[in-house]
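The same chain A turns up in both complexes below, where it pairs with chain B and then with chain C.
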Partner chain A sequence: MVLIMRDMKRIYLDHAASMPVDPRVLQFAQPYLSEVGNPSSLYEFGQHAKQIIEDSRRKIAEFINAESEKTIIFTGSATESNNIAIRGTALRNKNDGTEILASAIEHISVLNPMKDLQKNGWVFRTIPVDSYGIVDLHQLSALLSKNTIVTSINYGNNEIGTIEPIKKISEIVHDKGKYLHVDGKAAAGRIPIDVQAEGIDLLTLSSNDLYGPKGAGVLYIKPGVKVQSIMPGGGQERGLRSGTENIFAIAGMGEACVIAKKEMKSESNRLQNIRDKLISEIKVIEETYLTGHPVNRLPHHASFRISHIEGESILLSMDMYNIQVATGSACSSKTLEPSHVLLAIGLKHEEAHGSMVMTLGRSNTISQVPEIVKAVKETVVRLRNLSPLK
Partner chain B sequence: MVLIMRDMKRIYLDHAASMPVDPRVLQFAQPYLSEVGNPSSLYEFGQHAKQIIEDSRRKIAEFINAESEKTIIFTGSATESNNIAIRGTALRNKNDGTEILASAIEHISVLNPMKDLQKNGWVFRTIPVDSYGIVDLHQLSALLSKNTIVTSINYGNNEIGTIEPIKKISEIVHDKGKYLHVDGKAAAGRIPIDVQAEGIDLLTLSSNDLYGPKGAGVLYIKPGVKVQSIMPGGGQERGLRSGTENIFAIAGMGEACVIAKKEMKSESNRLQNIRDKLISEIKVIEETYLTGHPVNRLPHHASFRISHIEGESILLSMDMYNIQVATGSACSSKTLEPSHVLLAIGLKHEEAHGSMVMTLGRSNTISQVPEIVKAVKETVVRLRNLSPLK
Partner chain C sequence: MPVYSKKVMDHFMNPRNVGVIENPDGYGKVGNPVCGDLMEMYIRVEKDIIKDIKFKTFGCGSAIATSSMVTELALGKTVDEALEITRKDVAEELDGLPPQKMHCSNLAADALHAAINDYKKKKK
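Showing the complex of A and B:
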């Protein structure tokens, strides 16, 4: 029976972990794999490579309404952007203060650099969130001081889909502290981000999360914000990120932003319809609960906790139906620790273990919903029958 | 006339700056752009991605005769590999000593992280080289102590092509100091590198310099060598390099190593023939001298200093013939400083400014030599007629 199911078309619901490159992006960027110079070279061929990078910078600046294309720094990944945003500001501004803040539900590529700084004398505190994952604004205000150099908050959460009130957070941060860094990896391309209107000082973007190639990330840096390099070398990207530019990935990311800007509204509406139908049909399964905010959530994101069964077993069972889901963040899959995000919203250890995350994308259709729901129902029944947790 | 020359086929002689992806590599890796999971995901689709990475690791380990595929860590670039090799060992072993060494002709992605450490209390010294760029072994021995954690030497130099006696250097380094890091970016794929036979503790490789896609680098770490992460996050690559793996670039780099292993000997012989003909015909131009070692040099590498004219003008003039050459390292093209490599081999400032570097690759043929030599000759005559330096 498993074999028969394997022949069915794959239903991929783990876009938070990895996304295919959009064929239009590939068509646009493909030539730069086989024919391109080094943008630091002065001959025309090299200067053409430079022009491709500058075009991409402009497209990305427009996508997030940045002041100018000069605010866009290309990195190798969202992890690297987060590291520069945190270590790069902390090191550069240490004479102004050594306190750093992050919400308790940030990605580990935000939390780990902060813990590293903590080992080296910085004061690192986490801001609690409510049971939906919304940052506690009173606690944020209480934890901030004039010594707080950088406060890092995700725009939307990868694991529970909750969208944070960034504009309000920005006002509170700037009332006392210095910089607001926003990890926009999960939210960008799903909901509009306007760095100027929302008062964002530093913003992380990932190419692959926008259907662009892996190998490019962006750190938006508002004019005047002081950051230093964390990986010195050839001095590319205004000295902030060394290494020969990955023109293919950079060109692809720019084009991915153009497509996202054009199609985001209709595509997000489409995904939200599928998502809402999934949520309404899955949460009626006995002892199955939505995690994250019911309304203020990313339109492509559905996440649940299912009592008495393990997320890893859910994932493997769903895979037998050729449906790919996640349990917590892909990066943490190696550990048996429950997700820090689910613990932060108040779940007990045993509750946090039964997590299932679905992130939708362009390949998903509303007609897939019955098959997905049927697979979840059968999975829950079968696993509960086997479960010692029951 | 310039327009007519533009229509001629490009003769690209700047492979040190950027290389096209080999069509066979592209064919092999292309599927992973549009269809691939996250290797941290437990479903089969994700585990397949993991398998692709492990296959690539094995291919690269075989290419450099590493102890096992576990010694291969994927990074985003050679710059990142160099940074991890230096900062990662210095930080991890600081209780054993805080001295670090590099040859005076290392790439700035080696020298700059060392200078950064120097600002933070490490003792950083550079080892002088002779007029050919060969590391002074007596000075190396004299500068080493039991407190020397990492000594960094390039296998072959990007700017002057000189190959260092790595095996001898390794013996001297290990007589007193701890780790030898070798930047193999320019040499790998041109001459064989055997990490075990040559006693290398850490080796930097770049995908693009092997005709692989940009976006992947490798750091080989000999078993037992202690290194720590410099960019914390999801803990990929045994905790040493966080960030979702760039499967396309990683798969491509592995395949590029398979091709290089198979074809290196014959291809390097072919390029060396072209290179030797170029050198013999260019160095007879009046007041034009080979830089770097005449014999112990990378087979694809020809570099010159030409009196009374500027490297930048040479580059732009050659570009009018649709021939792309370099002047010093591409990364330094932005500055007007003469190359630190040329100063280190004893050239005066004005001599170092007249540098021309040609790095050959698969697209070059012996039949291009007359056209290249003619363009150099005409360039030299024209520029010297204009030159105030004359």
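Showing the complex of A and C:
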């Protein structure tokens, strides 16, 4: 009989999926939930709403060392930012070329708009990655041409934690092609991103991934980069994202960036210690392997594949210990396909089914590690005992 | 992620009749690890009645829970009665499965039928 240990204190290890809003962010932004002015209205409290948005824009520009606050476009989510970055540049620049590129491990909100463009005549290719998930720079160079309008590479990967060499990638992209779009959703707030120093043309950020409220995202657009609207309307956000602004979420995202800028270094060091202890203690379980890069890795990210057992079962079993993890298994996805990221790093289907992803955050402490490791070990023993595979 | 009934979670966490039977009267194997599900079913039969049944399953929560449930449903039945157990019966006994799991992870009845057919073939 396996005890159901729901009364144990929750250990949340799925910060890549959703993060709690920082209480300081909530305190800062809460008054703006009841803000009634429309930022487009000229009367005074409409203008106050506009001021709140502009303050947030400035905070976010400082967070990524952007040229000015004018480079920051607010959207509703990282998915929306990715869509504008890809469709908006592809459509606006189609007279200069119709080729688009993405790494094989991009998020589906990058890959799907590209596949959609492909149906409409664009040439879409994916850049392979090595077994750690690092973009193949020779292939990148070989696939680029003067017709390549946008190349999209994630700064850090949500599923395997690998950090890409963005500065090098930027040099290669700009040698032949036009724009580099970087999905910074997973990396922002964990490692510093400097759009000017690293040569980034378009950068996607997500509020919730910075402990801000859900419902806000950002697209940074370098001055001079040509993008067009993909959703015409009232012309908010330089005409690139029409629709009345979500003042609460935007205000919260700005404040979240101020806190992240201040605390990132010490917090990432703290999480990295927990991560390293988790990895070293879980990796020693028989036939359990780290996925992603062992060194060039997001500080909060520990991901594994475990032979002979299946990821959704791992997730459900860990939840019985009140520990929440994620998996790239087919059985937990809507498409019933295993994660394209795990297949791209060369895992076989049956290997990709046994994945477990842990993403750490502020609520995690090093003292939780023994309990987590114990739950993983018991889960592996129990599920392997059930499994016909050897 | 799908939402499972309490009964599914109970059978997932405390599966019944796990294991193998040495020299079984019937053995069935369905699924494929490439697709994420593999089930093996073993039966011991006396006078056409299923006297013992064991399983091993690689797969998601519902794959494990349906395997466990089908062994409970089949134990003590005649082989012909057990052949009548359908995927739908297994899902209903578990208070339902999420729609996307009805097809892919509901192979337990098939594994049971495969074991019974193996038994019948050997008997001939």
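Simple rule for what comes next: the second predicted complex is superposed on the first by the 379 of 390 C-alpha atoms of A that agree within 3 Å, B and C clash if a C-alpha of one lies under 4 Å from a C-alpha of the other, contacts with A are read in each partner's own complex, and residues count from 1 in each chain.
We take it that a contact is a pair of C-beta atoms (placed from the backbone, for glycine too) under 8 Å apart; a residue touches a chain by one contact, two chains touch by 3 or more.
Note that the structure is predicted; figures quoted are calculated from it, not measured.
Asks: Examine A:A49 and indicate which partner it touches, taking first as chain B and second as chain C; both and neither are also allowed.
Replies: Once the two structures are laid over each other on A, A:A49 reaches chain B alone.
Asks: State whether A:T244 touches chain B only (first), chain C only (second), both chains, or neither.
Replies: first
Asks: According to the stated criteria, A:L316 is in contact with first (chain B), second (chain C), both, or neither; which is it?
Replies: Both chain B and chain C are touched by A:L316.
Asks: In the superposed model, which partner reaches more residues of chain A, chain B or chain C?
Replies: B
Asks: In the superposed arrangement, does A:L386 touch chain B (first), chain C (second), both or neither?
Replies: In the superposed model, A:L386 contacts chain C only, not chain B.
Asks: Using the touch definition from the top, say if A:H308 reaches chain B (first), chain C (second), both or neither.
Replies: Touch status of A:H308: second partner only.
Asks: Of the partners chain B and chain C, which touch A:V357 in the superposed model: first, second, both, neither?
Replies: neither
Asks: Quick one: classify A:V227 as touching chain B (first), chain C (second), both or neither.
Replies: Neither partner.
Asks: Return the residues of chain A at which the contacts from chain B and from chain C coincide.
Replies: Overlap of chain B and chain C footprints on chain A: residues 312, 315-316, 329-332, 334.
Asks: For chain C, which residues count as touching chain A in their complex?
Replies: It is residues 1-2, 4, 9, 12-15, 18, 29, 33-40, 56-61, 63-64, 100, 104-105 of chain C that touch chain A.
Asks: Spell out the residues on chain B that touch chain A in their complex, using ranges where they run on.
Replies: 10, 12, 14, 17-18, 20-21, 23, 26, 33-38, 40-46, 49, 76-80, 82-83, 107-109, 112-113, 115-116, 208, 213-215, 230-236, 242-249, 312, 315-316, 318-319, 324-326, 329-334
Asks: Per the contact definition, I'd like the list of chain A residues that touch chain C in the complex.
Replies: By the definition above, chain A touches chain C via 1-2, 4, 308-310, 312-313, 315-317, 320, 329-332, 334, 336, 338, 348-350, 353, 385-389.
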